[in-house]
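By written order: A, B, C, D and E. Residues from 1 in each chain.
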Amino acid sequence: MEVTFQDITLAYPHQAPTLAHFTWTVPDGELTALLGPSGSGKTTLLNLLAGLLTPDHGRLLFDQVDVTHQGMGQRNVGMVFQDYALYPHLTVHDNIAFPLKMAHVKRAEREAQIRQFAALVRVTPFLQKYPRELSGGQQQRVALARALIQRPAVLLLDEPLSNLDAELRVTLRQEIRRIQQATGVTTIFVTHNQTDALQIADTITLLHHGQVQQTGTGHQLYHTPANLTVARFIGSPRLTTLPFAALAPALPDSLAARFASSATLVGIRSEALLATPTPIPLLTTQTMRLTAQDFLGRDIVSHLRWHQQDLISTALPPLAPGEYPLGLAAPGCYFFAANGRCLWTGGTDHAES
Amino acid sequence: MEVTFQDITLAYPHQAPTLAHFTWTVPDGELTALLGPSGSGKTTLLNLLAGLLTPDHGRLLFDQVDVTHQGMGQRNVGMVFQDYALYPHLTVHDNIAFPLKMAHVKRAEREAQIRQFAALVRVTPFLQKYPRELSGGQQQRVALARALIQRPAVLLLDEPLSNLDAELRVTLRQEIRRIQQATGVTTIFVTHNQTDALQIADTITLLHHGQVQQTGTGHQLYHTPANLTVARFIGSPRLTTLPFAALAPALPDSLAARFASSATLVGIRSEALLATPTPIPLLTTQTMRLTAQDFLGRDIVSHLRWHQQDLISTALPPLAPGEYPLGLAAPGCYFFAANGRCLWTGGTDHAES
Amino acid sequence: MLNPKPSLKTTLHALAYLAPLLIITVLFTVWPLLSAVRLSLATRSNFYTGRVTAYGWANFGALWHDPDFHRAVQHTLLFTLGVVPASVLLALGVALLLNRLPHCARFFQTLYFLPFVTSTVAVSLVWGWLFQADHGVVNGLIHTNIDWLNDPHYSLLALILLCLWQSLGFNILLFLAGLNHIDDRYLLVAQLNGATAWQRFWHVTWPLLTPTVILITVNALITNFKVFDQVYALFHGSAGPANADLTLTYYLYQKFYIENQTGLAAASGLVLFGLVLLITGLAGTYFHHWTRWLRKDAR
Amino acid sequence: GHPAASSQAAHRTTITFWHGMTADHQAALTQLVNRFNRSQTRYRVVPVSQGNFGTLQQKITVAAKSDTLPTIAQTTYTNVPNYVQGHLVVPLDAYLGKRPFQDVVPVFRQSISYRGKAYAFPFSKSARILFYNRDLLKQQNVALPATWAALHQDGKRLKSQHITALALDQSFLTELNDLTYQAGTPLITRGPRANLNTKQTRAATHVLWDMLQDHTATTAGNAGYGSTQFFAGKTLFYSGSSAAIPVMQASAPKGFHWGTTVEPRYHGRQGTSVSGNDIVLFKSASPAQRRGAAAFLHFLLQKKQTIQWAEKTGYLPLTTSACQDPHYQRYLARHPNARAAVRSLDFGFQDRAFQGYPQYFTAINQSLDRLTTTQTSPEQALPQLQQRVNTILRENRGA
Amino acid sequence: MKKLLIGGRYLLLALGAVAMLLPFVWMVVISLQPAATTLTLPTFAWSSALHWENYRHAWRLAPFAQYYGNSLLVTATTTGGQLFTSILAAFAFSHLHFYGRRLLFRGLIALTMIPGELLLIPNFITLTHLHWINTYAALIVPWLTSIFAMFALRQAFLTHPQSLYYAARLEGASDWQYLWHVLVPLNRPVITAVGLLQAIGSWNAFMWPLIVTNSPRLRTLPVGLMTFTSQTGTNYPLLMAATVFVVVPLLILYLALQKYIVAGITRANLKG
C-alpha cells in the first residue's frame, strides 16, 4: 500500500498549524523511518494516517484511493501507540488476542499465533499478568506484539523500542525488519534513535517545522544532507558548525573562492578531523589545541579549540592535552547557504545537482 | 544523601522475588546511572527508594538512617516516572508548579522558577496546555521539570529522555548533569541509552538477575567488565563471543596455556579487529572473510567470517567483500570462565586481582 | 476522533445507540410533559374527561397569587439548600473515610448503605419514633424537648435530617465508585511532590473526582427539589404542621390528586421544572469551568 | 380450576369492586363477597384492594381519566358531586329501586342522594364518640361530661393533677363540625354556603381552641390519633372514631380499663358526625354489571350481612332493622363499648356534599392545623378561611 | 501518628455507623414484638420473648411468594434494561460526535427534573391505549431507561484515555465491540453501583405498580406492605417483619456486589 499525503494542513484547536501544505509519499511495501525533533508532528502524522485525525485541508491517498474521510475501522492500519494503550482489564494474553478476537479468528489458530508473537517479543512468561504488573519495556513489547499480530495493511510504530535495552532493541528491530520484509507491509517507524533508523529503514524521512526536510537512505541523509537541519539532526556527536569566513582562509583557494559569496556556514562531522599523517585526502591541516577527551565505550570524543572555535573529533587516538596538527577531510565537511541549503558535501556536490 | 540498600528482598505477589538479598550503595552527591535489561527491576528499585514499595525483608538507609518504613512524604525524593504520571487535570504550568505549591512557595518566587524550568526543558510555549495536548516528548520534559523544580534530597529519573530526539537529549542530559553538580543532589538515572550513561554518570551500576553485576565508571565497565553479562550489555555493537578453544590455537602460546583450563569463552569488541598493518600491538593476525558492510552514519559495521565463527568489526575502512588479513588487538579482547567471570581483559588483568 | 466533525453519518450512527433510550423517554416523559404543558394552559376544563374549553395563563397567575404556592417554593428552596450541600459533603467525607480502610471496610460500607436499602415507609416510621418529643432518641441525644414533627419551626429541619440520612448511602456508593475510578498513581506522585494528606485531597482527589461530584450534585439537586415521598410518609399524608413541610411536589400532588385542580397542578409542575432547570443550569455553568481538562473536543 | 366451575364462571358477569380495605377488614369483606358469589350464579364480584383510601382515591382518579374504571368502588359520598360532574357515576336507584333504601339508617340516607338521585351506597360507616379512662375517671371523681362546658371545667381541675382532659386526633375538624351542628349553624349550609366566619362558628372554634390554649385538651399531632396519649394515661378522654374500637381493644395496655360514650352537648343539643366510606357505581359498567352491582349491594343490605359486617369490623350496621335485631343487640350487650356509636346514630349527621368538597376539606384542615400548631387565633384564621372557601365555592359553581 | 489517624477514622465511622444502624435495629426489634394492629408505635420491651412467628404470620397475610416473584422479575428486567439502554446512550454521549449532542444531553438531564406525579396520568393513559394495564409490560417497559444511569455512566466513560478507544478501533473492533469488550469491563465498578441503585429503586417502587396493576398476581412487594396498615391502625410488628423480609434480598444483593464496586481496575498495583 502506497500512502500519499497531498497538501495536507492540520491545526490543533487554537494554535498554529502543526502541518501546513504537507506532501509526502510513503513507498509501498517499504519500511520508512520517520525522524524528527520532539513535537515536530510525527505522532500527528501517524494519527492522520490511522484516521484518528481528519486534515483541515488536503487529501490522504492509500494506493491512489482517497481515504481522507474514511473511518478508522475501514483503513486496516495497525499502530503501536507512544503510550502503548494497553487494555488495563485484560491480561497480556488477552491484549495480544484482542485484534484476532475482533476478527473472529478461530481459537486454536489464535492461540498458536499468540504463542508465536509472545515468544517473539519475549513476554511469554507474563502472558497471564495484567499490564499494570509489567515493567515499562515489557508493556512496550506487548503493544508491539498486539500491533504485529493484526497483520495490517499499513503498520505504524510510534517509538516502539524507546524503553528497551540495547540488546532487546537490536533483536526486536531485526524482527520488525524481518516481519516487514516477509509480509511486505508498508511500515512507518517513528524513532529518536538514529541507529534504529539507519539499521532497518529502507528510507528515512526527516520531519521538521511541519515539512519533510529530506527523504533518502541513511547513507544519503548522513553523507549528502539536503540542508543544515538534516545535517545537524543526523549524526552523533552533533555536527560542529563554524562561520564559513572563519574557515575560508584555510581552504584551498579555488574552493574558498567558489563559495565565498554563497556559503555562510561550514559543518564538520566529528570523524572528519583526523590525526596526521593519514592516507585520506585532506582539505587542510591546521594546528589545534586538544583540551579534553571523553571515553565513551569505543568512542573517544576529543574537544578541540582552533581560532576561537570549538570543534569535536571522534577520530583521534588517546592523547594528552596539547597542540596537534590535525587534518580536515573533505568527506564530512559541508558548506551551507544562509537559508540552510547545503551547497557542497565534501566533493560530491549532490546538493547542487 | 547516601542511599544504602541492605539485603533487600522484594517479591511481587505470586511470583519469584524480583530482588533477592540485594545490597547496593548509592554514593552521596553523585549521579549514578542504573542500567539493566528490560524487566530487571530498575523501576522496582526506584519505587523502593521513593517509598512506593516496602521491601519484604531488608533495610533501606538514607545516610545511615533507616527509612524502610517511612512514608513517601517524609523522604523528600523527586521522581520522573517512566510513564510520566502528569496530572491530567492540571495545565503544564500547574503541573510544574505543583511541588512548589505544596511547599507553599510564594507566588512570585514560584512563577520565576516555573519560567526558568519551563525554559530549561523547552516547554514554555505549552505552559497553558493540558498534558493530553502534548506530544510524547513534551510530556516527558514536563515530568522532568516537575521533578527538578522540587529540589529533592534524592532525585530518581526513570528513563527521563527516552522519547527525546538526539539534540534535546544531549542538551537535557547536560542540564541534568549541571543541576546535579550545582546542587549535589544524589541522583539515580535509569536509562537504556549507554551514551547517556557514559556521558553524564559519575558511576554506572549494571543490574541484572536482581543483582548488581558491576559498579564503576563507564570506562571501567567498558574496558574491564566484571563478567560476561556486563561485557555483553555494555558496548555497541554487542560483544562478539567465540569458544576459547576456537581461538586458542591463534593465541600466543603462553597466553593460551595460562587460560587453557579456566577460560571457556572469548569476547571480542568490534574495535579490536583491525586492518593490518597497524601500529597497535596485536595478539594475532588472521585471514578473515569480509562478507558485508553496513554504513551507519560514521560507523562502518563489517561482518566477518573466520573458522565458522561470525565476527564484527567497526575498525575497518570501506572494503570490497573478500579475504583480508586482520589483526586482533589485546585491548577489547576478554577471556571468560564458565561461570561468566572475566579472567583476562586485554592485558590489564583487573579481574584477577 | 481527536478533531471531531459531526456529519450526517456520525449522527445516524449515534442515533442508533441513543434510540432505545430516546424512544422510551419520548413516549413516557416527553409526551406526558407536552400534555402537562397543555393542561397548565387550560383554564376551563373537565377534570375527568380532560376536555378543555378555554386556554390562558390564568393558572400561572393563580400560582403567583397563591400564598401556599409561595410557601411551597420557599420550603423547597430551603429544603434543598439544607440537604444538598450537606449531603454531598457528608457523603464525600464518609466515602473518603471508608475508601481503602485497612480492616472491616466492607462491614462499614454495608452499615452506611443500610438506610438506602430500607423502604421509605419503614424509614419514616422509624424516624417518626426517633423524633418523638417525649422519649425520642433525637431529643435524648441533644438534651432538648423539641416537638420535631409538630412544631412548624422544626419540622422542616426534621425532614432535612431524614432525607440527609437516607440519601447518604446512595451518594456514598457513587462516591466510592468514583474514588475507585481514580488512578492511584496520581496520589502517589503527589505524595512524592510533598503534598500533605489535605493537599492531596484538595489538589488531586477532588479535581479528579469532579465528574462524580457533578453527577451527585446535579442528581441531589433534582431529587431533592422533587421531594415528596418522605414528606408524605413522615407526616402521614400531610404537609407537616401548619404546612411547614409543604414542598412543590407535595403542592402538585395535593392540587392534582386531592383537590383535582389539574391546571394548577400542571402549572406548578412546570414552575418546578423551570426552577430546577435554572438552578442546575447555574450549577452546570459553574461546573463547566471545572471540567475543562476533561473535554476532549475543545477547550 | 375445576372445568365445570370455570365454564360456569365464564357465563357469569364479573363485577370488579375496588376498595381500600386491608388486613382484618379485607378478610371480612372477602368473606361477604364469597358468600354473595356462592349465593347466586349470574354474577361474580371480584374485590381488588387498592391499598389505602388515599391510593384508592388516586387510582380512581387515574382510571377515570383513562376510562378504566371498575364496576363499583369504595369512595366517600363527598366525591359524588365531582363524579357526577365528570359523568362518571350512575344513580343507583334505577337499578336498586327506592325500596331497599327505606330501611337504611336515616343519617346514612342523608348522604345517599345528590340532586335528588341516589349515588352513594353507605358501606363502612362510623361515628365520632368519646372514649374515657375508667380508672382515672373514678380516681379523679369525674362524671361523664354532658356538655363541652362541663368537659372544659373538669379539665381545668384536672390540670393541677397534670392530667389533660381531652385528647383529640391530629385535626379537630370533626369536633368543630359537631359543635357547629349542635349550635344549629353547620359550617356549610344549602347553596352551598360557607359559614366559617360567623359569630357562632368563632364561638364554637373557641370552645376547642381555648381548651388547646389552656392545655385542657391536646391534639395528637404527627402521631395521628389521640389514642396514644389516652393509653399513656395522660388524658382522661379521647374523642375518636368508633371504627377504631377494635384496634383500641387490641392495643390497650394490660390493665387499662376504658369505656365509650356519646359526644358532649353544646347549646343543649346533641349531634355527632358520622363518617366513613360509601360505594358508587360507575357509568362505564355494562347493564349486566350494573344489575349485578345492584344485586350485590342489595345483598350487603340484608340483615345477616350487615350485622356480620358490623361485628367483624367495628363499623356500624347499615339498616335500622339490623340495629334493632336481637342478634345484634346481644352483640352490643357483649361489647358495651360499641354501644355509644349506635346510640349516636339517633342524632348523627353528615356533611353536605358539594362540588369542590375536597378543596374545601384541604383548606379547612390547613386552617385548623394552623390554629393548633402556631399562635394563630380563630379571629385571625377564620376570616381568611371564609374567603378562601368562598373562592372555592365560586369557582366550582362556575365549572 | 499514623496509627492515631487510623484510629480516629474508625472512631468517626463507628459513631456514624450507630446512627445508620439504629433505625434498622429498631425495625428488627419491633418486628419481634407481640403482634397486634394498633394505633400507636409499640415501644421496646426487651424482656418479653422474641416473637419470631411474626415473620411467618406476615408472610401468610398476603401472597408474598407471588409478590417476591413479581418483584424479582420486574427488578431484574428493568435494571437490566436500564443498564443496557443507558450504556448505549452513555457511550454515544461520551465517544461519538453528532449534531446536537450537547443540546440533547442537557435536554435529557432536564427531563429528569419533571416530577413523576405529573407524568403519572398521561402515562397511564398511554398504557391504556397500548392495552398494557395490568400486564408485566406496564410494570417494566416505562422503566427500561434511566437518564440518571445514563448520566452516571457517561461521566465515568468520559474519564478514560482516548488512546484505548483508538487502539481498539484500529485493531478492528467496531464501536459496538469496543463498548462491550473494553469500556464496559473497564467500568464495572460504576456500572455495578448504578445497577444496584436502580435495582433498589425498582424493588422499592410502590406507586407505579399499585396504579398500573389490579390483580395480586402482578403486584410487587411494596404493595404487599400495605396489608398491615389500614385507616384504623397498623400492625407494626408484622409490618416491620414484612419490611425486613423485603429488605433482606437487597442486602444480599448489595453484599454480593460490593466487591465489584470497590475493585478498581486502574489502581496501581504497588504494595504497601
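By our rule, a residue touches a chain if its C-beta (ideal position, glycine included) is under 8 Å from a C-beta of that chain, and two chains touch if they have at least 3 such contacts.
In UniProt terms the chains read A, B = ABC transporter ATP-binding protein; C = Sugar ABC transporterpermease; E = Sugar ABC transporter permease.
It should be emphasised that the depicted structure is a prediction, and the values quoted were computed from it without experimental measurement.
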| item | value |
| --- | --- |
| Dominant interface by contact count, named by its two chains | C-E |
| Chain of greatest Cα-centre distance to chain B | D |
| For chain B paired with chain E, centre-to-centre distance based on mean C-alpha positions, whole Å | 57 |
| Rounded Å distance, chain C centre to chain D centre (Cα mean) | 38 |
| Where chain A touches two or more other chains at once, by residue number | 12, 52, 72, 83, 133 |
| Of all residues in chain D, the ones touching two or more other chains | 58, 61, 65, 224 |
| For chain E, residues that touch 2 or more chains besides their own | 121, 161-162, 266-268, 270 |
| Chain C residues touching chain E - in the complex, by the definition given at the top | 1-2, 4-6, 10-11, 13-15, 17-18, 20-22, 24-25, 27-33, 35-36, 94, 97-98, 101-102, 104-106, 108-123, 125-130, 135, 137, 165, 168-170, 173-174, 176-178, 180-185, 188, 211-212, 214-215, 218-219, 222, 225-226, 228, 248-249, 252-253, 256-257, 265-266, 269, 272-273, 276-277, 280, 284, 294, 296-297 |
| For the chain D and chain E complex, residues of the former touching the latter | 16, 18, 20-26, 48-53, 55, 58-59, 61-63, 65-68, 70, 223-225, 227-228, 231, 241, 243-244, 246-248, 250-251, 314 |
| In the complex, chain D residues that touch chain C | 54, 57-58, 61, 64-65, 82-83, 85-88, 170, 221-222, 224, 358-359, 362, 366, 369-370, 372-374, 399 |
| Residues of chain A that touch chain E when the two form their complex | 50, 52, 71-73, 76-79, 81, 83, 85, 87-89, 98-99, 101-103, 130, 132-133, 146, 150, 152 |
| Residues of chain A touching chain B in the complex | 12, 35-39, 42-44, 82-83, 133-138, 141, 158-159, 162-170, 192, 194-195, 198-199, 218-219, 222, 232-238, 269-271, 294-298, 314, 332 |
